[in-house]
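You will see two complexes here that share chain A, one where it goes with chain B and one where it goes with chain C.
What follows is the complex of A and B.
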C-alpha cells in the first residue's frame, strides 16, 4: 500500500516526437480509488505502463511513498496489474496461478498455500482451486489475474487496465462490485483505466479525464459532472452529452443569439470563441416565456426519463425530462435553465 | 432437387477415383498375387505374400529403424527449430537476414542436397574429413560404417528440415499476445520461468501441428537414403520405403511389394493416429 506521486511526469516514445503523455504532476493517496478516463489513444495506457514500470518515462519521476521508483524494475515495484484480456498461465491450475508471484519470490510452500487459500476464499474461487485455469470463464479468469496481485501482502497498488471490457454485461456488474469491495477491504490504492464513464464514475473517488495526451481535469465525479473544465469533458461525461451553444458578449452579459439564455460575463473575459453550456438534466419545461423554444426532433425512451432533441432554428440541444409526458416529434416545447447551471466557456475552456 | 449437382461433382470424383481409390484397390488386389518379372499377371495366391512378410526380418528391422530415425530427427529438429526461432524472435541486428538464411536448406531440392552432402561426407575426396583431421578429431568412416552412416542420414535430415520447424514456430511466436509477458514481468518471473510458464504452454498447439506434419513427412524418408547410402553399408540405413522400393522397383516382385506397402500404410495410419491423439490430448485439455 502506497501513496503514488507523479512528478512532472511525461513521455515521448522518441525524442522529437510529440508527447504521448504531456508532463503533469499529481498525487494519489494511499488507499484511494482513481479512474483514468478518456478515449482510445489519449495516453491513459501509457500512464499506467509508466506506473507499473513496463515503460520508462522520458520526463519526470514516479514516487511510491516518497521513494523514487522511476528506474526500478517492474518485478521490484510490487504493483499488481489486471489487463483487458484475462491473463492466466495456461498450463497451471487456479491455485498454481494464484501462487505464481509468491513462487517467483521464493516464499515457502506452506505460506503460499495459506495465502492462496485465503485469497481464493475472498474472491469466491475456493472451489475452483484444483481446476485448470484455462477452463474458467472470462470473469473468473479476470478474478484470477486480480488474485495474483492480491496474494502478495506488500502490494503497493492495483492497476486495472480496462478489466471489464471483455466481460459479459451481467457479470460486469458483479465483478465491479467485487473490485470495489476488495479496494475497501484491503485499503489498496487502485487505479482503473477505462473509456466507460459509468464505470469510472461509479468506481472511483477521483476521476482523471484525459484527452490527446493531456490531463484535462481531475476531480470527484460530481465536480466533473457539474463543472466540466473543458467542452471535451462535458461531451465525454454524462449521458446525453452536455449542451454547448455558441454565444456572444453583449453589454456585460454572455448570451446565445436567438434565445434569452444569458449569464453575467465575468471581469476580464477577453476575446475568443464563447459558448454557454448546460447539462440536459438541468433544463426545465416552462409554458410561459421560455428561454429557448423549439420543435421536438427526436425522443429517446430511457426508462423513467426521456431524452428529447430540440431544434430551435440553427441550434440543436438535448434535454432530459421526466417520462410520462405525451410528446411527439414536431411538438413545440419551451425550456428554461436556472442561471446557476449555465456555464461560460471561452475557446472550449470553462471561464465561470 | 438439384440433381445436377452430381454432374458438377463428377470431375472431382473422377480424379479422386483415378489417383487414390483405383491405385489403392488395385494394390490390394495385387498383394494377393505373385506378380513378378517372370510371371506378370493377376493370379490368386491368397495370403502367401503376407505370411512371407511376417517372417521377413529385414522389413521389420527397417520399420523399427525408420521409427527410431523419425523420432530422433523430428525431436532434434523441434528443439533446434525452437531455439533458432527464439533467437530471431526478439529484436536483434539483421534478424530479417537470419530469418531468410535459415530457410535456405528447406528451399533446396532434396536430391540435390543429398548429393552435395554425399560429396561432403566422402571419406577420401570430401571436405569434411580433412577439416576433422585438422581439428584433431580425426577422419571418420562416414558412409562405410553402420553407426556413422545412420548419423550422416540424421544430420542431413535435421539440416534440411529444421528450417520447417523454425518457420512454423517463429510464426507461432510472432502471433503470441503481449499481455502474458507483461503479467509475468509484474509477477516477478525470470526468463526461464517465463519460457516454461508462458511461452511453452502457449506454443503447445502449434508445436503439435508442426511435429505431426514432420512425423508424417519423415516417415516417408527415402530419397536421402537413396542418394546418400543406398541403404548401406549392408542394410544398416535401410528404411521401410527404401526396402519396398528395392523389392518392387529393383527386384520387380510387384505382388510382394504391394503386400509390404499395404502393411506399411496400415502401420503408419495406426501409429500416427495414436501419436496425434496423444499429442492433442496433452495440449487441448478443454
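What follows is the complex of A and C.
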C-alpha cells in the first residue's frame, strides 16, 4: 500500500506532439479509492500506464510514499492491474494464476499456498482452484486478476482499467459490489478507470474527471455534481446533463435573455462567453411568476421521476420532476431555480 | 433414413480418400518384398498380392548384394535433422519473440523489415546458395562433416522458425506480458513461463516444418558431402544403378518415410486430444 504522488506529471508521445496528458499534480492517499472518469481518448489509460510503469512520462515525476519511481521498471513497482479484457495465464490453473506474483518474488511454496487459499476463499474462487484458468467465465477471470493483486500483502496499488466493460449486466452489479467490499476490507490504494459515471461515483471517494488530456476537476462525487468546474463536467456527470443557458451581463447581474434567471455577477468577471448553469434536479415547478416558462416538448418516464424537456423560445432545457404529475407534451410549464443552484460559467469554466 | 444415407456417404468419401492416400504406401510395402521378376512380370490374378516374397530389397539396405548400408547415413540424418531443428527452433523462437515484442530501429530498417529479411533468405532458389555455402564450408574446413551440414541446415531452417513464430507471438496479446511484468516477472521468466506456453501450437508447427525440411533435403546433403559423411536421401539415390532396383528403393522409401509418418501421427493425436487445449484463444 502506498501514497501515490503525481508531480507536474504530463506526457507527450513524441516531442512536438500535443500533450496526451497535460501536466498536473495530485496526491492519492494510501488506501484511498479514486476514479478516473472521462470519455475514450481523454488520457485515462495514458495516466494508468505511467503509474504502472508501462510508459515513461515525458514530464514530471511519480512518487510512491515519497520515493521517486518514475524510472523504475513495472516489475519493481509492485502494482496490480485488472484490464478491460480479462487477461489470465491461460496455461496455468486458477491456483497457479493467483500464486504467480508470489512465485515471481521467490516466496516459499507453503506460504504461497496459504495466501492463495485465503484469497481464493475471500473471492469465492476456492471451488475453482484446480481448474484451468481459461475455463473460467469472464467475471471470474476478472476476480482472478484482482486476486493476483491481493495475494501480495504489500501491493502498492490496484489499478482497475474499465474492469466491468465486458461483463454481463447482471454480473456487473455483483462484481461491482465485490470490488467495493474488497476495497473496504483490504484498504488498498485503488484507482478505477471508467467512462461510466455511476460506476465512478458509487465506487470512489474522489473522482477525477478528465477531458482531452486534461484533468478538469477532482473532488468528491457530491462536489462534482453540485459545482462542476467546467461545462464539460456538468454535461458529463449527472443524468440528464446539466443545463447551460447563454447569458449576458447587465447592471451587475448575469441574466439569461428572455427569462428572469439571473445571478449576481462576481467582481472582475471580465469579458467572455457567459452562461448560467443549473442541474435539472434543482428546478422547481411554480405556478406564479416563473423564471422560465415554456412548452413541454418531450417527457421521459424514469420510474419515480420524470425528465421533461422544456422549450422556451430559443432555449431548450431539461428538468427532473417528481413523478405522478399529469403532464402532456404541449402543456405550459413554469419553473424557478433557487439562486444558490445557479452557477455562472465564463468560457465554459465555473466562476461563481 | 436420411441420416443413415448421409452417414454412409460420409464414410464412403472418407474411405475413398484414405485408399487414395494409403495406397502408395501399400504398393511400396509390397514392392519392397518383391524380386525383379515380381516387379516387372506382374501378377496373373491378384495384383500386389500374388508374387513370390523376397527379402532382397531389405537386405540391400543393410549392405546386401547390390546395395549400401544405410544404417550410418540414417543415423547421420537423425543427428543432423534433430540438432539443426532444435537449434533453429531455439534461436528462431528467441528472435521471433524479440521481433514481436521489442522495437528495433537501424536507420530506415524496422521490425517488419528484419522479419522480411529472414524470410527473404528462402526466396531465392537453393542452387544460388549452393556455391556460397560450399566456399564457406571449405574455408572453415567443414566440408563433408556433420557440423558443416548442421550449420547449413540452421541457415535454411531458421527463417521458417522465425516466420512461423513471429506470427504466433503476435497473436499472443501484449497485455499478457504487461500483466506478468506487473506481477514482478523478469523478462526472461515472462517469456519462458507466460508467453511460450501460449505459443505452444506455433512451436509444434515450426518444429514439424523444420523436421520435414531437414529430413527430406537432398540437394545440400548431396553438394556439401562426398565420402566421409552421407545422409539418408543421398544414400537412397546411391542405391540406384543401371537396372533400377525397385524393391530396394521401396524398402528405402519406407524406412525414410517412417519417422515422419510416426511423428505426424503422434502430433495429430496430441493436438486432437487437447494436449494444447487452452493454449490458444
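Observations on the structure shown:
In the analysis below, the second predicted complex is superposed on the first by the 352 of 352 C-alpha atoms of A that agree within 3 Å, B and C clash if a C-alpha of one lies under 4 Å from a C-alpha of the other, contacts with A are read in each partner's own complex, and residues count from 1 in each chain.
Convention: contacts are C-beta pairs under 8 Å (C-beta built on N, C-alpha and C of every residue); 3 or more make two chains touch, one makes a residue touch a chain.
None of the values given here were measured: they were computed from a predicted structure.
After superposition onto chain A, the modelled positions of chain B and chain C overlap sterically.
Contacts of A:132 after superposition: both chain B and chain C are touched. Once the two complexes are overlaid on the shared chain, A:105 sits against chain B and chain C alike. Touch criterion met: A:87 reaches chain B and chain C at once. In the superposed pair of complexes, A:212 makes contact with neither chain B nor chain C. In the superposition on chain A, contact is made by A:148 with both chain B and chain C. Touching of chain A by both chain B and chain C, each in its own complex, is seen for residues 52, 54, 74-76, 79-81, 83, 85, 87, 89-91, 100-101, 104-105, 132, 134-135, 145, 148. Put simply, chain C touches chain A in their complex at residues 173, 175-176, 178-186, 189, 194, 197-198, 200, 278-279, 281.
Residues 52-54, 73-81, 83, 85, 87, 89-91, 100-101, 104-105, 132, 134-135, 145, 148 of chain A touch chain C in their complex. For chain A in complex with chain B, the residues that touch the partner chain are 52, 54, 74-76, 79-81, 83-85, 87, 89-92, 100-101, 104-105, 132, 134-135, 145, 148-149.
Listing the residues of chain B that touch chain A in their complex gives 177, 179-180, 182-183, 185-190, 193, 197-198, 200-202, 204, 285-286.
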